[in-house]
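Paired with subunit B in one complex and with subunit C in the other, subunit A is shared by the two complexes that follow.
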Partner chain A sequence: MKQIQHSGLQWVSNNSTLLLFAVAIALFGILSPAFLSFQNAFNILVQAAALGILATGMTFVLLTAGIDLSVGSIMFLAGVISGKMVVDGAPLWWAGLVVVVIGLEFGCLNALLIYRLKVIPFIVTLATFYVGRGLGLFISDTRAINLPESFLTLGSGKVLGIPLPVILLFFVITLAHLVLTRTTFGKHIYAVGHDPEKARKAGISVNRILLGVYVICGFCAALGGLVAIAQLGAVSPTFGLQSEFMAIAAAILGGVSLFGGRGNVFPGTLIGVLLIQTIQNGLVMVNADPYLYPLITAAVIFLVVGIDSLQNQRREKAKRLGLK
Partner chain B sequence: MKRFYTCQGLILVMVVLALACKRPKGRTTIGISFETLQTEYWVASSDALKAACEENGLDYLEAIANGDANRQFEQVNNFISRGVDGIVIAPKDAHTVIPVIKAANRAEIPIVIYNRLPAPNKGSYTTIVADNYEITKQTVRYLGDLARASGKQYKAMILIGDLGDTNAVLRREGFNDAILEYEDVIDVVAEVPTEWNQEKALAGVTNALQANPDIGLIFSSSDFLFPSVISALKNAGKYHPIGHEGHVLLGGFDGDAMAYQLLRSNYLDADGVQNVYYECDLAIQAILDILNGKEVDSVLVDPGFVIHQENLEEMAPKMWGANLEVP
Partner chain C sequence: MVKIANSESTFVVLLCLGYYLVMTIIAPGFFTVNNSINLLFNLLPLLIISIGQTYVLLTAGIDLSVTAIVAVASVVGGFMMSSDTVWFHNEFTTLFLGILGMLVVGVLIGAINGWAVAKFAMPAFMVTLTTMMLFSGFAIWLTQSQNLYNLPESFVEMHYTYFLGIPVPLYIALFVVLLAYFLLNRTIFGEWIYAVGANKKTARISGVSVSKTLIGVYVFSGFCAAVGAILYTARLETGSPVMGQNILLDVIGAVVIGGTSLFGGKGTIQGTFFGALFMTLLDNSLNLLNLSFFIIMMVKGMVILGAAILNTVVERSLKTG
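Let's look at the complex of A and B:
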């Protein structure tokens, strides 16, 4: 009986985010029947697309025990440059290509500064955060850029009835999941995250792995930014601000460890993103008091991180006692 | 000997730099500190303040804190050490400006707080602020009158700004109090918190329209959230010009370039306008008056105005956004 109880608790702590997700759906569904509609489920997915892509890139970086604070600025800079290009008459594909290049360049810059200058990721990406935002503000003259209708096709278009942002989200998640679980590169990411020194001794090129994860993160930031502005139809000077924190929160809610080496994109980060978006959506659907929003979001983060911390302590204890 | 010449050279460079940095005597210098320049409103304010300084033959120093209250405090301290004659500050928030006021008071430099009311404190300062509450109330009353005149029942939504920002809170209060007068025709079904973030605004408006597809009146606490509102309305098939049967009554606050364009293209019904030029002139004049020993009130209010389809031609020249191009 005790054994069953113990394994039940173990299951609950292992799947805390999923359970919270289910509880949130049930609760909002009871409070607002419109919440459970098919259309609203699509809404949540569409709104989760940009953050989901961003958080996927962030997961790669977090798995190496790194952090990337520049993602919001990359989104902004890529948005400003592509927006200006389209407004000036450049074709959409050309603007899209430039967005991707900006993301890759920023990723390369972050990685190079981290492993060449041996500066911690927090400081490097804080610096590139300012570089990106400063450049974006300079280019845009701190003015909002209103994009032409053609830009909105990416945000509102559908293929076989499925919104394009949702297709992009699932494509990125699937690809990331395959890279992390089925490739040597993915295994090396976990190894570097667990212990970079041991990984180096095992013959893994830590620098190459770092370059890879920051480039992926930069690419995802630019792509996420593109998806977001295609839905908004405008790039304002505050675009992308604090997106880095939302991406980190989503990954951590999904079980990715800030200390590296633990977590996954699917279902982990995806569930984290959906949980955040579901709560935001549900609170509007039930017309909750606006002062409750940050409190509820904070409570969910505390709850999940608290359960995760307890789980970690149990794991450490078991390790000390030599138990599996 | 070589070391001696090096020292002499360094001293010479320092003297030259000090002379270069010293401002010319006789000119009054104003330190202008902005919390951020990340909206059109702040950029227009910064430009208008600099223009007002130039009109009055004043020099100015400018510093932007990029949303960091500590940095803003340091920047104002730098102004004080450089011996400015007056300070105009658009602070991060109502509380972090208090040490800045104290520092200026200690240095006996007049300080004007621009656009945000500080929390109650014993310092000596003048605040220039738009009447956020009253301007919003008048704007919403105009929308309420339109709703009542149509003879239909309306469901309404408000986009709220950052609840840590006094201006956002006052606009929300102005909206709620005005709506009370129209309870017979307007029912507020959604309050969407945006934290002044367009992405959150888009998601919030989309969700609110999902929960209440028959929403017929939307008020945005800032014009810069209009792209999000329009995108959500378009996706819901509810974006129609004034006169169309499915038109959603639309109101905003600020008076920016996009609001002006929307008024011109017949999509926006009314907009509460902060009179940037008036506020900036008041700010510079307040400092000059204090320097000349005149008494200045602790709060100078910009009554603003409401611009709508009926007074568009008359009021457009006073709307700061009408003088900007929409990129």
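Let's look at the complex of A and C:
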């Protein structure tokens, strides 16, 4: 009997995010019937696209026990530069290409500083966070940029009835999932995250893995930024602020560990992203006080991280006892 | 161990001195009485908050919530002291309870951080990130984005009130610095902090109460942030829900430049003092040079990176040589 109770509890704590998800849907559904409509579920998916792409990139970095605080700045810089280019008459594909290259470059810069100069990721990306945002503010002259109609087609355009942002999101997640589960590069990412020393001894080039994950993260940040501004229609001077925190939170909610080596993009990070977006959408649907959004989102994240940490503690205890 | 700390303190002292001399020559209006007073008043709150952060970093933690603590303390102090929301009728009671209320806010939020880090073994980064989001949202919700004005005369005059020829904020800062120095260097609590930062497992085995130490450092950081909030609120004569929004980089930058390791166990109050001085000098001089705030932002980012690189290079050469 005790055994059953114990495994029941364990099931609850292992699936805390899914349970919270169910509770959130039920609660919002009772408060606002329109929340449960198919149209609204689809809206959540469309709204989740930018954060989803961002969090996918962040997952790669977190899996190596790193962190990237610069993604919000990369998003902002990408938005400002592409916005300026398109306003000045450059074709959309050209602006998009330039932006993606900027994302890749920022990722490269982060990675080089981390493994060449041996500075910890937190400080490196904190510095590039400020440099990127300063640069973006400099280029935009701290003014909002309103985007032309042509840019908005990226946000509202459809292929076979499916909005482009959703297609992009699924493309990115599928690709990331395949890379992580089916390639040696993916397996090496987990190995480096588990124990970089052991990985090195096993002949893995840790530097190359780090370069890879930060470049992927920079790329995803630029792409996510493009999708977000195409949906918003403008780039404000505060665009992308705290996006890095939302991306990290989404990944953690989906079961990715901050200490590396544990977690996945699908279903993990995707569930985290959908949970955050569902809560924000639900709060709008039930006409909650907008001032309460950050409070409720933060409380949910705190809860999930707390449960996850308790589990971790138990896992380590079990490991210790097992060794003895 | 002592030698390393000394050599690093020397580095940051020379950095400050050199920078000060250069700016005296090239920045117009830098070496004047007015600007020196300005520098001092900018330095004090940053120094106080950075000292609290030093305690947390010494245990290999991090406190991102200091900005939110400053905001909530400022708002609570504003509510309790503003003559628009008459809570108390006697000026002395208003002042006393208002300041006490602000300190209690800091200690309470610090205790929540410490409790989550110590008892649930939650990563400090995530704990303080969520409390930052939660409490900065709370400060804005509480005031509905409004500022609180009409604080008591004796409170906002703090920076212009002299006692024995020295302005009151300097006494406050001196008290916090001496308290922090004493706790860290002369008490068992200080020894525990270094032990926990060096190695948690070893510390636990050798009888250190790890969770008490962890809760203690976050409470102290919260307390320091609240004291910083008192100085900011008095100087701006406003209780503001977005106060301190942009100081996180300055705080962590000051501590890291002061030679404190992000991995715990290494760092001093003296180092943090000069780190905070350097960040203040940087800010003040770049402003005097008439650079726009986004250039200042970029320069600061690069300076922090430079200091971190220098720090690792020094450490590596000490290890190999």
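Just so we're on the same page, the second predicted complex is superposed on the first by the 320 of 324 C-alpha atoms of A that agree within 3 Å, B and C clash if a C-alpha of one lies under 4 Å from a C-alpha of the other, contacts with A are read in each partner's own complex, and residues count from 1 in each chain.
What we mean here is this: contacts are C-beta pairs under 8 Å (C-beta built on N, C-alpha and C of every residue); 3 or more make two chains touch, one makes a residue touch a chain.
Owing to the predicted nature of the structure, the values given are computational and were not obtained by experimental measurement.
When both complexes are superposed on subunit A, subunit B and subunit C end up clashing with one another. By the touch criterion stated above, A:298 is placed in contact with subunit C alone, subunit B being left untouched. Of the two partner chains placed around the shared chain by superposition, subunit B and subunit C are both touched by A:137.
Of the two partner chains placed by superposition, only subunit B is touched by A:233; subunit C is not.
Contacts of A:281 after superposition: subunit B is touched, whereas subunit C is not reached.
In the superposed pair of complexes, A:120 makes contact with subunit C only, with no contact to subunit B. Within the superposed three-chain model, A:146 lies in touch with subunit B and out of touch with subunit C [touch as defined at top]. In the superposed pair of complexes, A:34 makes contact with subunit B only, with no contact to subunit C.
Contacts of A:312 after superposition: subunit C is touched, whereas subunit B is not reached.
In the overlay built on chain A, none of the stretches 225-233, 261-269 or 297-305 of subunit C clash with subunit B except 225-233.
Across the two superposed structures, the residue set of subunit A contacted by subunit B and also by subunit C is 130, 137, 142, 242, 289, 291, 293. By the touch criterion given at the top, residues 67, 113, 117-120, 122-124, 126-131, 133-135, 137-138, 142, 242, 245, 248-249, 252, 258-259, 289, 291-295, 297-299, 301-302, 305-306, 309-310, 312-313 of subunit A touch subunit C in their complex.
Within the complex formed with subunit A, the residues of subunit B that make contact are 37-40, 42-43, 66, 160, 163, 189-193, 196-200, 202-204, 206-208, 210-211, 224, 227-228, 230-231, 234-235, 258, 324, 326-327.
Subunit A contributes residues 32, 34-35, 37, 39-40, 43, 47, 50, 87, 130, 137, 140-146, 152, 155-156, 228, 231-234, 236-239, 241-243, 277, 280-281, 284-285, 287, 289-291, 293 to its touches with subunit B in the complex. Note for the complex: subunit C touches subunit A at residues 62, 116, 120-123, 125-127, 129-131, 133-134, 136-138, 140-141, 144-145, 249, 252, 256, 262-263, 292-298, 300-302, 304-305, 308-309, 312, 316.
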